[in-house]
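Here you go, one structure.
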Amino acid sequence: MTAVAGKKSGSAPSVASTRRSMDWMALLRYALLLMFSALCLLPILILALTALKTEAQIFDTKWSWFFAPTMANFTAVVEEGNIVRNLNNSVIVSIAATVLTLVFGTLAAYGLARFDFIGRRSFGYATLLLRTIPPAVLAVPVFVIWAGWHINDTLFGVTLIYVALNLPFTIWLLYGFIEQLPEELEEAAAIDGCGPFGVFWRVVLPLLAPGMAAAAIFTFRLAWNEFILSFILTNRYTRTLPASISNYITDTGVEWGKISAAGVLIALPPLIFTFVAAKRIIAGLTAGAVKG
Amino acid sequence: MSSRVASHVPYVYIAPAALITLAGLLYPIVEATKLSFFDWGMGTPWESARFVGFEAFASVLSNPHVWTSVGITMAFVLISICVEMTLGIGLALLLEKPVRGMRIFRTIFVLPMMVAPICVGLVWRYIFDAQFGPLNHFLTSIGLAPQLWLADPLLAFLAIVVTDVWQWTAFVFIMVLAALQGVDASVTEASRIDGANTWQQIWLVKLPIIKPILIVTLLMRMIDGFRGLEVVYVMTFGGPGLSTELLSLHIYKAAFVSQQLGQASVLSILLLAIMTVLSLAILRTGNPLAARRK
Amino acid sequence: MERRDFVKIAGATVFGAGLPFAGITAQDRYAKYRGQTIVINYPAHPHYDQAEKLFAEFTAETGIRIERDKLQYLRMKDRQVLEMGKPGGGDYDVISYVVMWKTEYVAKKLIEPMEPFFANAALADPAWDQRDIITGYWENITLVGGPMGYLPGPGAKPYGVPFGAETSVLGYRADLLQKHNLKPPATYDELLSACRLLKDKEGIGGLTSRGQTGHQVTAAWLMHLAPYGGLVYDSKWRAAFARPEGVRAAEVLREIVEMGPAGIPAYGFGEMQNAFLQGQSAFYLDTLAIFGPAQDPAKSKIAGKIGYAPHPMAARKAGMTGGFGLAIPRNSKNKEAAFLFIQWITSKQSDKKIALSGGNANRWSTVNDADLARKYPIETPVLREALKIADPNWRPLIPEWDHVSQQIIGQALPSIITGKSSAKSALEGVIGPAEDVVRKAGLLT
């Protein structure tokens, strides 16, 4: 229990002053939370508002909360060029990357956690180290290698690099979860006659659902949001949404209305995910770091 | 259990992941190293690339712009982290007691991390816009002078720090909060009985207990800071001057603006070296793989 | 063949050759390519926004379909180089290239020379008239192989067609000039003194300018370099920018920054233009792309108060040249259809339509057109004068220029405009690197 600041332990505060000070602290807490929340939400709100403004309203040097909204930017973005194609590409790549990462990652995490084999340490270390590779470091060689393998400008190529980028984190995350599962369950199933894969499939996987959900969200988030590698590895057929947003940064300035509208479209799925699955996300973030 | 399965079974489990990691992460690193020994312009066939040995390394390492970029990146990471850790830990300590509706608040806090970095860079570029951004409008409305945020080297640097703090403070907060809530209450209670006041409880009891998590959080933020590219790409593109030229952006520019793939590869190796040092630091402080198996 | 057919054919040959049956001939020209699809790569840029509006018309008239690849300017070059470098065939049939890339593209054998297409009677439109294209644009954007590699002269051949090219104009606040009884500046001295006066009396910036470190500040300096008689490299490729003319131009730029709206050292193109359009500066001296936004009430607070004049002179009259041109990649699979598109979109009719809707005019006939003068009464007369002084040697159009502009000169100028170093010392300090670059390129021996 946190003692109230300034009060020495041992002295029993009167009931009335405790309640007053506790109310005061609670109020402070709420105020902080509200303020912090407002700060978090404000820019996102600004993005949405800008998407609803006309060019004249945006270029007005007096920024305003109140204005007559217009859907013109959204209409323009949706009608323009290849937005449907880009959206499709984003969806395909994100889902494919998530599924593949989950499948391969879960398998690998289980293998790492439950078996001992030559190369286990190296694989484990590699997983930990490779988690930290910056996309910028990958940009040049992947650009060259993918072209050599003729998978640049393909959705497969983009998906592949996203899976590669996400596997280390996913493996690490799920490793932590598997670690915490009691082995007795698996041993019991093995005794019952399940082969090693059966144990994995029937006993471990269902228990891993929360971890897998967290991993899925993170993978989807990266695949959906990622800009720079997609920018480099796609052409007009395979471009994903974030890469296409750069078209609104023209030679002569930024088309703020349209780019905000496109930005809202891009931000929407992760925002929805967050509201639906915040608990999972937080569980994923804190897993492994916090030993319960 | 491990003795009861065929020896090939583990490899089946890790094979797909190992393969993809090899192809998508390790091979590119090898390739980047190879490319760093060549002088190769974008768009020319590979046959025309010249082998130059360590010449590219020498030219990159002696280029003052590169070191400026490294310095800027380090300053960016250090300052952002300090602010994020301070704010995050402070908030977590203040909000340690369960509060009603905490779940909603935590959901909101997670939002900035989930929004695409390119959108984050975009909206903050707009906010900081000197001519019609809401920030300057707000400043003038309360009587302060509007600033040329993205125009001034120092202010632009500040702007990207602010953006990073906005996105990631909540991450620190969530991590530290989870850690604090895992602290055994009886330990703090014991110290309180021993006469420790609130400050002492925090500094001498709570923080030391959660030190491992603090370090992990710190290192995770450091690593993410060095990876950052998309936000700066759209906010300032490294300007004004080199004041926001993060190393990852410098690599991108070397490759796709100056079109020098060899030089870009050398820079990539440099960044990778820095990252490896940081990751090894993480490994030293808490390797989950270490003590588990024989 | 029946006798009737023979007469028909003979008659058509005789009459068709001599009479302006443009429609029939045009259909013949496009007939072979009806149904093909060409892919065009072009930037997100106001001029091309106007051009896009004609795509449907082109397809309706010719039957050739268009697939668009619009890209952010920053990524155009490496995407183009990637596609044009593919041995079997690339994605693009028409590319829009920035003038600075022309020598590189030709040196790497990535684009086709244009003359064979224009000489091909089956494809060429006799009414196209190359001499009608603005001379400065033609020489600047399309010619490669001449003196210094990029100038008109012996050996120069066209490798593209200008489209989205531009020159510079001086824009001024007619209301403020009238208020203080100033006439539009014709020389730099007049401009600078007008800036001083208006800054004192009106409290607004004098001349808005680009200033951001790198390309932007170099472009700003180049604006004044040519009028003051300076060059970046001389004809032997020695660095000439630190000679008196270059130094003077840098000093003029510093004065302009001092008297300009606050924040110039960070201004990119957008900020510079906005400062003028939002009324924060009295003058504007940059690309004529200002014409469109200036009259747009959504973007401009000063619509109706603007006047234009040609680029002021100092030692000589010299306007900027720059912008885009259209070229055909060597590995395109639809070169003829691509050429037909280029020819069509740069024809007299198309050029007029694009200019009337606010795009950049490409032809003398367009700028002399009565309809254009009627729609843009203030701009058109100035446009005519400005185009006459467009200087094709406004900057060195070599592949290395990107690097020199961004990393060498663009890093030396910032300290000059903020007063931290003298123009002479800062510019002299980068002679070495600038000459190293052209030495490595084999230009300076």
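For reference, chains read A, B and C in written order, and residue numbers begin at 1 within each chain.
The rule we apply is simple: contacts are C-beta pairs under 8 Å (C-beta built on N, C-alpha and C of every residue); 3 or more make two chains touch, one makes a residue touch a chain.
Quick caveat, the model's predicted, so the values are computed rather than measured.
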{"item": "Reference subunit A; chain at largest CA-centroid distance", "value": "C"}
{"item": "Two chains sharing the most contacts, counting C-beta pairs only", "value": "A-B"}
{"item": "Where subunit A and subunit B are represented by their mean Cα positions, the distance between them in whole Å", "value": "14"}
{"item": "Interchain centroid distance [CA atoms averaged], subunit B/subunit C, Å", "value": "41"}
{"item": "Centre-to-centre distance between subunit C and subunit A (centres being mean Cα positions), rounded to whole Å", "value": "43"}
{"item": "Subunit B, residues touching no fewer than two other chains", "value": "131, 256"}
{"item": "Touching two or more other chains - residue numbers and ranges from subunit A", "value": "59, 61, 246, 249, 254"}
{"item": "Shared interface positions of subunit C, touching two or more other chains", "value": "74-75, 82, 274, 278"}
{"item": "Residue ranges of subunit A touching subunit C (in the complex, touch as defined)", "value": "54-56, 59, 61, 81, 147, 231, 235-236, 246-254"}
{"item": "Residues of subunit B touching subunit A in the complex", "value": "1-2, 4-5, 7, 9-14, 16-18, 20-21, 23-29, 31-32, 35, 91, 94-97, 99, 102-103, 105-112, 114-120, 122-127, 131-134, 137-138, 166, 170-171, 174-175, 178-179, 182, 185, 188-189, 192-193, 195-199, 201, 212-213, 216-217, 223, 226-227, 229-230, 233-234, 247-249, 251-252, 255-256, 261, 264-265, 268, 271-272, 275-276, 278-280, 282-283, 287-289, 292-294"}
{"item": "Parts of subunit C lying in touch with subunit B, wherever the complex brings them together", "value": "74-75, 77-78, 81-82, 84-85, 108, 110, 212-214, 262-263, 265-267, 271, 274-275, 278, 402-403, 406-407, 411, 414"}
{"item": "Residue ranges of subunit B touching subunit C (in the complex, touch as defined)", "value": "42-45, 65, 130-131, 148, 150-152, 156, 239-242, 256-259"}
{"item": "Residue ranges of subunit C in contact with subunit A within the complex", "value": "43-46, 67-75, 79, 82-83, 91, 269-270, 273-274, 278, 289, 297-299"}
